[in-house]
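Two complexes follow with chain A in common, the first pairing it with chain B and the second with chain C.
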Partner chain A sequence: MEKITTETIRHTAMLSRIELTEEEERGMTEHFAALLKQMETLDSFDAASVPATAHILSAVNVLREDVAGEPFDREKLLGCAPERDENSYIVPRVVE
Partner chain B sequence: MSEYIVTIGLEVHCELKTESKLFCSCPNKFGGEPNSHTCPICSGHPGTMPVINKKAVEYAIKAGCAIGSRINKFSKWDRKNYFYPDLPKAWQTSQYDLPLCVGGEISFEVNGEEKTVHMNRIHLEEDAGKLVHSGGHTAVDYNRCGVPLIECVTEPEIHSADEAVAFLEEMISIFRYSGISDCKMQEGSIRADVNLSIAKRGEPLGTRTETKNLNSLRSVRRAIEAEIARQTDVLESGGRVVQETRHFDDASGTGYGMRSKEDAQDYRYFPEPDLMPVVMTDEDIERIKATLPELKAARRKRYTETLGLSAYDAEQLTDEPSVADLFDGTVALGANPKKAANYVMSEIMRKGKTEGEDGITVGVTAKQLAEILALVDKGEINLVASKDVLDKIWQSGMSASEAVDALGLRQNNDVGEIEKLVRDIISANPGPAQDFRNGNEKVLSFFVGQLMKATRGKINPKIAGELVRKLLTCS
Partner chain C sequence: MTALTDKTLLEIKSDLAAKRVSSTEVTKAILGQIEDMKHLNAYVTVCADQALASAAEADARIAAGEDAPLLGVPVAVKDNICTDGIRTTCASRFLENYIPPYDAFVVKKLKEAGAVIVGKTNMDEFAMGSASDFSAFGAVKNAVDPTRVAGGSSGGSASAVASRQCYAALGSDTGGSIRQPAAFNGVVGLKPTYSAVSRYGLIAFASSLDQIGPITRTVADCKYVYDIIKGHDKMDSTSYDGDLNQGETFGTLKGRKIGVAKEFFPSALSSEIKSAVEKAIGFYEANGAEIVETSIQSFDMALACYYILSSAEASSNLSRYDGIKYGKRASGCKNLRDIYYKSRTEFFGPEVKRRIMLGNFVLSSGYYDAFYLRASKARTLIKQDFEDALAKCDALICPIAPTTAWKIGRKVNNPADAYLEDIFTVPVNIAGLPGLSLKCGEDKDGLPIGMQLIGRPYCENTLLSLGEIFEKGGRA
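Right, the complex of A and B next:
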């Protein structure tokens, strides 16, 4: 199993857009390692004869007909945003 | 530069023409006021649950059937995680390891040669929203968010800009004929990512770059040409190509690398717990396949081999599915294929092009057109007058013969009346009459033209021509 390093934590934090202090990084490193250790418990289970499962439930084909409904009240949706203008959500400028 | 072998793989995103979005019932419509086609599901509110649009699944399978893919009888959904404001949930619901369609191929002609490109897969996913950057902030519009998309991935078997463009043209034609997408590039309903590397002959593949979001055939061509030139320069000057995601700027015609580099691993795909897998039986797949119409390549072949049209005419007629459908319908109603083809290619395409903004607007039904052609055939109207009839019935329910009567265009086939007119024209033009008697055959068409003018085209030109000749030679 891959070893959890400070690098792993920094990479994951970057992908999650989270800033961590050095102390938090250390804490997370230990926490992640402990979690993975727990997962290793599963290795003791012989899963060779169990087919891979795509979903924990057995239901399939939960589909709806293609019928357009009335759109939701825009004001209610925009009203949830921390910042907005007349018809759009406003976020800090992002250009990738 | 030609000593390098270019290897290109395409990822084509194509919006499906459903009524509603992929996971909610918001209308799937282009344009509209920002955020006017949204709801808590497609704007990513916590606690909302998506439900899959059955038609979108069927359209994706139909796309696969159209290009000979194997349809996965068991397919599932995955989350592709990334943070960007065009995606309110912070993940795109997509398909990772069990897509709806696997494999398939598209054949097309490029510079006179037949070429086949194999497909890797087609999967179904949701489109993202639109960002408008201005000043210090970005405005977000989620109207497009959740619109069903198919992502079609080719094998890296394309070797030039010409091949890439010809491939895309054929794919667009197949999807438009199938009725699953309009593939309107200017509305962004089809977009391509280009993966490109170069290497010297006999050497292993070079490092590839990915140029994202090209939304016209012209940008695809220019981006490929610019990237080949750039990578060649890098290698020739002793450098090495860096694997990166790039953007192509249409205005300047140059590509640029993006700061953030995201390899597949960084998307941290995992199975979507809110959606159940899709299971298809052989019967389901057969039923969907049966809804596919005859596609462009097959029609082109039938037009040349069965109907005896030229390759050029067959190509012209099959360019737009609506035009090909009109032609087929008209021939099915008894019109002569060659005459129908000529009429569609001249009058219908001319008129459709001037009035339509995108492609060709077909403003008549096969029934209306077949009647026009029958009236011309029977000599009740001539070709010149038929244009007025076409104008009259275009985008109206009027029949061709109603229009002929309304316009007073019924052709005069009365030999006695025409003869009188011919005598008048001849005596009014003694000079040209003498020219004809002196052996100048060309004068004949001058007289027919004068007759048409005098009667506003309401005369049978064939009868008129014969009478002019007869009266000029025996008087």
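Right, the complex of A and C next:
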């Protein structure tokens, strides 16, 4: 099994949009190493001959009639936002 | 005379229907018990006013001669299941102030059945944990011994049911989160077959594994609540539209076959747990069931398979927490990047961060084949092994967890070891099967030991019949 480096942890934190302190990075590196050790149990079978299961159900393309329903209350939805201005969500400027 | 709060759900339902007691009296008694048991920290939110209003409404309906399956009965709901107008936090700082604009399917079902929702139960943040100590609102305490964990992640629901703070509670189970806390608190928990209960309104952790189910004091109560919440829902495309009653209801064990897989009794298993489950097997055999030896050869792979798949799905599901549409936003954000990074860094707890990180790692370029794809293939083998084993018997029996409830604070700093606690429960989610958890004994400290009955898809009734027979005669 490949060794987990601080670089790998930093890259994964970037993918996760999470900032880690140096101490957290060390903890996460140890945690990953312990987990990857446990994951070696998966090396015990020949993967080439086994199909993958993404989902236990056999159902595919579950379709229904396109019927107009009751929409959510706009005020209730906007009321969940941390910052809003009347009928809009507020975010900082996106295009610099 | 039995105290109101000590009655089972079916007993209180019968008292309410016969007008021997009013829903207002019962709800007040439960709210009083919640206050007395506050130290267990089983609830994140108690909705006393709404509950008393629902109780008054139920009383009026009963007075008018109406009936409904849960009319006037106080129940609780895990805090990752959306309740319209009632704060739903997932035990996370991120959703501390989140008030859902809609009811989950199961909450609608409870309300249609006339239930009085008394509160939202505490849990591990985003249902990630096995002790309910990763809650932003403090650890849940075990109802049998408050110095010990309640199990998790539905620890609040299990502790609340065991300590008479409600007659039934809903939990969710991604890798054992209903069954293990039920066992730790000595109550009954059912993880239904994947797709038997709609996940609409359940805040997603791992969508191919998550399932909602009941936690109750008796098997009969469990069946009663399960029958109310199950059923097809067009809002959940994975919801099953076929026959949900493929099992059998029976009162004797003659002709029944119970499978025992040797992998479920590893040499490291505590002798007290091994002996308690063996006694239960002895009960079934002595009362007419045939014990069938079987095997789940892929059992050793289940834990790794589970942590890869569940974390991968979690990393995707939790990417929605961006600090924009709902949930909290960190202060002082100058740009969009700041909103994402600062909000997620500040408001996710340590275990949630670990799972998101692990999920993104196993899905990332260069590691996908070695981890995610391989785990998906292991899932095929695990599912197949259970199908083969269950073709030879009505149900499999095994322990729920390798230990009883541990002292609060233990293992929190050793997450990889903590994951081993889930070894007997995760295979059931991987295979999408139903699992029933019930008490089969006690250890030397008087802590409950749980056993698990695992059945074929949509055969919950078979498990519940086996559970009920054991409950009536098997517990020493």
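FYI, the second predicted complex is superposed on the first by the 85 of 96 C-alpha atoms of A that agree within 3 Å, B and C clash if a C-alpha of one lies under 4 Å from a C-alpha of the other, contacts with A are read in each partner's own complex, and residues count from 1 in each chain.
In this text, a contact is a pair of C-beta atoms (placed from the backbone, for glycine too) under 8 Å apart; a residue touches a chain by one contact, two chains touch by 3 or more.
Keep in mind the model is a prediction, meaning the values are calculated, not measured.
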Chain C versus chain B, contacts on chain A by residue: C
For A:59, using the defined touch cut-off, is the partner it touches chain B, chain C, both, or neither? Pick first, second, both or neither. both
Does the superposition put A:35 against chain B (first), chain C (second), both, or neither? second
Between chain B (first) and chain C (second), which does A:85 come into contact with in this model arrangement: first, second, both, or neither? first
So, does A:18 touch the first partner chain B, the second partner chain C, both, or neither? second
Once the shared chain is lined up, is A:71 touching chain B (first), chain C (second), both, or neither of them? first
First (chain B), second (chain C), both or neither touched by A:94: both
Counting contacts the way the document defines them, which residues of chain A are shared by the two interfaces, the one with chain B and the one with chain C? 15-17, 54-57, 59, 62, 64, 72, 77, 80, 89, 91-94
Which residues of chain C touch chain A once you look at their complex with the stated criterion? 98-99, 101-102, 194-195, 208, 234, 237-238, 240, 298, 300-301, 303-305, 307-308, 315, 319, 323-329, 333-336, 338-342, 344-345, 348, 353-354, 356-358, 360-361, 364, 371, 373-381, 383, 415-417, 419, 431-432
Quick one: which bits of chain B touch chain A in the complex? Just the residue numbers, please. 18-20, 25-28, 33-40, 43, 45, 51-57, 74, 76, 81, 83-85, 98, 131-133, 135-142, 258-260, 266, 268, 271, 273, 275-279
Which bits of chain A are touching chain B when the two form their complex? 15-17, 54-57, 59-69, 71-72, 74, 77-78, 80, 85, 87-96
Chain A residues within the chain C interface of the complex: 8-9, 11-13, 15-20, 24, 28, 31-32, 34-35, 37-42, 44-45, 47, 50-57, 59, 62, 64, 72-73, 76-77, 79-83, 89, 91-94
